[in-house]
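Would you mind keeping the following structure in view while I ask a few things?
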Amino acid sequence: MIVRPQQHWFRRLFVWHGSVLSKILFRLSLNIAMSIVAVLCFQWYEHLGVKLTLAPFSLLGVAIAIFLGFRNSVSYARFTEARLLWGSLLIVQRSLLRQIKSLLPQQDEAAREFAALLMAFSYCLKHQLRGTDITADLQRLLPHADLRAIETSTSPCNRLLLMMGQWLGEKRQSAQLSDMLFHSIDQNLNRLSEILGGCERIANTPIPFAYSLIVHRTVYLFCTLLPFALVPDLHYMTPLVSVFISYTFISLDSLAEELEDPFGTAANDLPLNAMCNAIEINLREMNDETDLPPAARPDSHYQLS
Amino acid sequence: MIVRPQQHWFRRLFVWHGSVLSKILFRLSLNIAMSIVAVLCFQWYEHLGVKLTLAPFSLLGVAIAIFLGFRNSVSYARFTEARLLWGSLLIVQRSLLRQIKSLLPQQDEAAREFAALLMAFSYCLKHQLRGTDITADLQRLLPHADLRAIETSTSPCNRLLLMMGQWLGEKRQSAQLSDMLFHSIDQNLNRLSEILGGCERIANTPIPFAYSLIVHRTVYLFCTLLPFALVPDLHYMTPLVSVFISYTFISLDSLAEELEDPFGTAANDLPLNAMCNAIEINLREMNDETDLPPAARPDSHYQLS
Amino acid sequence: MIVRPQQHWFRRLFVWHGSVLSKILFRLSLNIAMSIVAVLCFQWYEHLGVKLTLAPFSLLGVAIAIFLGFRNSVSYARFTEARLLWGSLLIVQRSLLRQIKSLLPQQDEAAREFAALLMAFSYCLKHQLRGTDITADLQRLLPHADLRAIETSTSPCNRLLLMMGQWLGEKRQSAQLSDMLFHSIDQNLNRLSEILGGCERIANTPIPFAYSLIVHRTVYLFCTLLPFALVPDLHYMTPLVSVFISYTFISLDSLAEELEDPFGTAANDLPLNAMCNAIEINLREMNDETDLPPAARPDSHYQLS
Amino acid sequence: MIVRPQQHWFRRLFVWHGSVLSKILFRLSLNIAMSIVAVLCFQWYEHLGVKLTLAPFSLLGVAIAIFLGFRNSVSYARFTEARLLWGSLLIVQRSLLRQIKSLLPQQDEAAREFAALLMAFSYCLKHQLRGTDITADLQRLLPHADLRAIETSTSPCNRLLLMMGQWLGEKRQSAQLSDMLFHSIDQNLNRLSEILGGCERIANTPIPFAYSLIVHRTVYLFCTLLPFALVPDLHYMTPLVSVFISYTFISLDSLAEELEDPFGTAANDLPLNAMCNAIEINLREMNDETDLPPAARPDSHYQLS
Amino acid sequence: MIVRPQQHWFRRLFVWHGSVLSKILFRLSLNIAMSIVAVLCFQWYEHLGVKLTLAPFSLLGVAIAIFLGFRNSVSYARFTEARLLWGSLLIVQRSLLRQIKSLLPQQDEAAREFAALLMAFSYCLKHQLRGTDITADLQRLLPHADLRAIETSTSPCNRLLLMMGQWLGEKRQSAQLSDMLFHSIDQNLNRLSEILGGCERIANTPIPFAYSLIVHRTVYLFCTLLPFALVPDLHYMTPLVSVFISYTFISLDSLAEELEDPFGTAANDLPLNAMCNAIEINLREMNDETDLPPAARPDSHYQLS
């Protein structure tokens, strides 16, 4: 993961934050159109005794900001937890390989076998979370015999964990690992199991639908009615102020929607490809392999996929 | 668990979010009726010197939004914790079976016996939390001898845990598991005990009643008085703005009420049936069984029960 | 713990939430009296050039709502942590007895002895937290020899933990438990020690006094001055609006005060009696005892003590 | 720790909360003086076209309340974490002594030796955090040989931990403790190490200075300018309302400053003396010593030092 | 780390908080210039019917304060977590050395070897996080043989962990450590692995860019338009009030930006140099070395680097 270079505060104001901005540009245009309608028709409908004032919208705006703030922190918490789990994945896989290498010091082949299972696990988790096809990566990493069992499983990652457990069990059976050391390594397998279950939980349990719906709907209705409430005070300035307020609310609602599902492939989602790549480089390097795959590079928008 | 397909932001505005909306539709109608009363009677009661202005309601509205925001985050935390516990249930059960299968590699019968106890535990927990009858599921999974002890217990899940412990104890007594390995597996039983206790805690300890009552009551009184405070400014627009503000507050209060009890069967509650089903498929698959039960499918509203 | 039946949203508005409401009724009456004074004297003191407007109170009201919201979440966190600790007490005690029963399978007498120590621990913790007398419960549960050591101790719960440790130590000395298994059980004793220390911490460390004092005082001063700020706008409606706003602030301040000390015997405090009773039933049932004590039942207000 | 008796809500309003109130009394007087200046000079400077209105201060006041709320919760989190660490200190020290006493049952002398190291650790931690002299307490508790090594160390608490580790290591070397039991006790030494490091972290890392500075400065500037914004509306009532709003903001800012450094000796800081005293009584009592030191008693303001 | 001396509240108002203030001074000057433009041109553009009022800015200001509050707490959480990880680094390294010294009591040379690896790890982590060159520190600490393997690694810290694991593995192979004790020490290596992974996660995963961008941009646009909204009410006082409000918002936005990246070298970032120095002194002192490096001293602004 490569971090975007620090920008001057002024240039930063005009950066194109692609994914979110392009999504909401059309909605903001609608808002401007609505503002112009409000300005043009103001005299006519005020004549009819129809009137909106800013005071109730002020109250509502603050209430919506509070609820939107809550929704934002919930979405961000999902993003953070997902990142934490993938961070732990790297941590636990390094620890597992370190244990194998210090406890079975002369067995380079065994370490490579086990490292292959670990790498397959991380690729498999990525494909499972994104709903993409695992075959290519598995064929690259695992011997043919293991492939079938994984591909036919309803839960390939869990099957891989089971295979790691059985691999350890065989080392114990052949007295290469004592019960104590089996336990020590097995605890890290338990942690892999927690990571797998945690990712599945985030992927399968969205924020309660009614929640995001209520906030989403309230934000849009608020932004639609806002110009009519602003026009009595601001006249020609209505579009400017209205689109500014709408930008604040709609862009945050839209970003919250994006962060809510951190395993997707949108710009602000987690770069699972780069993470799997980093794990592979790390593990291969620990095994003193020399033909490491190249590190993932960000695209021209400093984005990793 | 199947996730609702991502919707276009515009269509999303008009989605029917059944459970919450149908509940509050009547209350919103009452609010509209009250608004119409306010518009019609405004001149008459203003004549009497009775007057409400928006300023104090603005202050109160923001205060209520803050307290409602707190109530929402508390309810959501209960929902999240419940989901976390059921996620851990899947994780721990997979880990337990993985341990059994790597440590007792040739004993397929033992693994099936233990898996049956695990599956019975998850079904039993579901029935205990929802207050439904456990007999059918237990009969399907367990041998007749174990049934009685569980059914007559005041705490069937805990009895199942005790049986798992004794099953492990027997393996230790017969020297199939060393003390070290007993400890390693027993730690995961401790985790099951934590999950059981955690679910019971959420189910048995509602948010302090006075809390939800004060917020509930304040929200409704606020929405009832609001039209009278809006009418001096907004005249004929009062019903529109009043029902919008009321929708924001009442729907969030109502959703908070629903999430507060995450083990129920309302639309936004946890799909315990689907989760038990997923656990069963996972464990059976680890035992290489081939007649897996079909995965749970969502209904036409993308809801799992 | 028995949960209050779900109520219809409308009936819920008129439920009597005893403890908090009765406490603040007098204070709300004072507020109404103050409002009437404000309405009656308004003309006279306005004449003197003394004037209060709503705008500064609006600012102050929102600020107080934010601080009160913080105080609420702090009080609620104490309540939640206390509940969590008592939930863990049940969890750990079940786990301990499960371990004893699987590791010393034929020794029913030993299991009963140990269960008695566990039950005594939970009753003792309750009495220590509430400052009530432990003698009756201890006499019911423990042999006479143990009683004296506990009663003369400055920290009876900790003495009980020490006795459990020594009980385990004897089993180890007599080679009934290996060092490994001693460690496995002793870890759960460590958890009991954490629960004991956690409860003592909550009971002995109130929220910094200045904190609750500042919020308490500010809320009351605000509610006292409010009628004078409302009366220029609202005239005869002042008492209604003033008492409504005061109800929102004072009831939340009052509830926060109650939750702050979760081990008391007020209506919203934790039902420690019922929890000790539940633990006793659970442990006795695990030992296959048949004369279980009756489960605690809520009173007519759905309250457990 | 002795808890302040529950006070009637009305008397509570007039309690003297010494430390905070006395600190800010002078600042509030300044605010009143500024208000009187504002009232007296209002006509004159309004004449010059200089005017402040409440509306921008309303916006600013709410923003400052939000940031102050954040600062408060950060300071309170530091206080809570510090209390948690000292709570864990008591918990872990009890657990350690319990383990020693159950595993080395006949060796009363060894238990006393180890308890002395534990007590020295807690006193030493207190002196290190408060920057006071440790010699007196160490001389009271430890044999002369150990004293020098601790006193000359740059990190006396850590040296004590090392001595405990070596004490355990000797018991292992002389085969009184198996490797398993060494590990079991050593885990609790790791926890002591975490407590020590956690306290050092809180003591050495203040809240980023710019943070408290910005909030502090903004609060004071706000309170200074406030009278000038209030006076056009409130005239003679300006001092009353201005000092009330200032009290709310300044007292919370001031309390946050006090809680930020929980190991000091101000009124709302942690009573480390009383805590060390409680730990000593607990450990001595576990060793069946009879000449326990007297429990710490609060002063006339219910304060422990 | 040396803490800034407590300052009098009044002097504190005028302290120079370098890093943040100097950064934003230019931006505040721009704001003042804009205010002066607004005051001068007010009559002219009001004439054109162009008008801004404070009411919509009030609503927007509160909304932005809420979102900025969220961004602040997210940035602060990153800072806190980073500090926690470096605190744990000290804790775990002390624990590891304590274990080595109690389990291999006569082997001073081994303890020094291991301590050198630990110190190299902390320096290496610092250099990796700050992107500086590790060679000098490694040459000072490690024998020549180890240097190459680390310098050529793509992940030097992880390589060091692997070397520690292999060092332990050799002690186990040569029967100086039993499997149990290997496990006990290895658990602390797992913790080092967690610390390494945690720091990498914070360094590599910024807050979602769209997030900080939206808040940053909204804050600046708000401050730019604010003078035009203030001028109709405040006339000549506009620059004063406008720059005050802007200071509050911009300084917090700017500080949040600084805390977001806690491993940098700005004034409010973590003093990694001083921390590495403290770890080195601690570990050398535990090995009874006498030529300890001098403790890091803060510069004239009480800053450590």
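Going by the order they are written in, the chains are A, B, C, D and E; count residues from 1 in each one.
Throughout what follows, contacts are C-beta pairs under 8 Å (C-beta built on N, C-alpha and C of every residue); 3 or more make two chains touch, one makes a residue touch a chain.
None of the values given here were measured: they were computed from a predicted structure.
Enquirer: Which is the least count of steps on a path of touching chains running from subunit A to subunit D?
Expert: 2
Enquirer: Take the average of all CA coordinates in subunit B, do the same for subunit C, and state the distance between these two points in whole angstrom.
Expert: 24
Enquirer: Can you compute the centre-to-centre distance for subunit A and subunit C, using the mean CA position of each chain? Integer Å is fine.
Expert: One centre to the other, that is 38 Å.
Enquirer: Send over the residues of subunit B in touch with two or more other chains.
Expert: Counting only residues that touch two or more other chains, subunit B contributes 55, 58, 62, 66, 69, 180, 183.
Enquirer: Is the way these chains touch best called a line, a ring, a star, complete, or other?
Expert: Contact map by chain: ring.
Enquirer: Which residues of subunit B touch subunit C once you look at their complex with the stated criterion?
Expert: 23, 27, 49-53, 55-56, 58-60, 62-64, 66-67, 69-70, 74, 153-155, 158-159, 161-162, 165-166, 168-170, 172-173, 179-180, 182-183, 186-187, 189-190, 193-194, 196-198, 200-201, 203-206, 208-211, 213-214, 216-218, 220-221, 225, 254
Enquirer: Along subunit A, where are the residues that touch subunit E in the complex?
Expert: Where subunit A meets subunit E, its residues are 1-4, 6, 9, 12-13, 15, 17, 19-20, 54-55, 57-58, 61-62, 65-66, 69, 72-73, 76, 79, 83-84, 87-88, 90-91, 94-95, 98-99, 101-103, 105, 178, 180-181, 183-184, 188, 230, 233-237, 241, 244-245, 247-249, 251-252, 255, 258-259, 267-268, 281-282, 285-286, 292, 295, 302.
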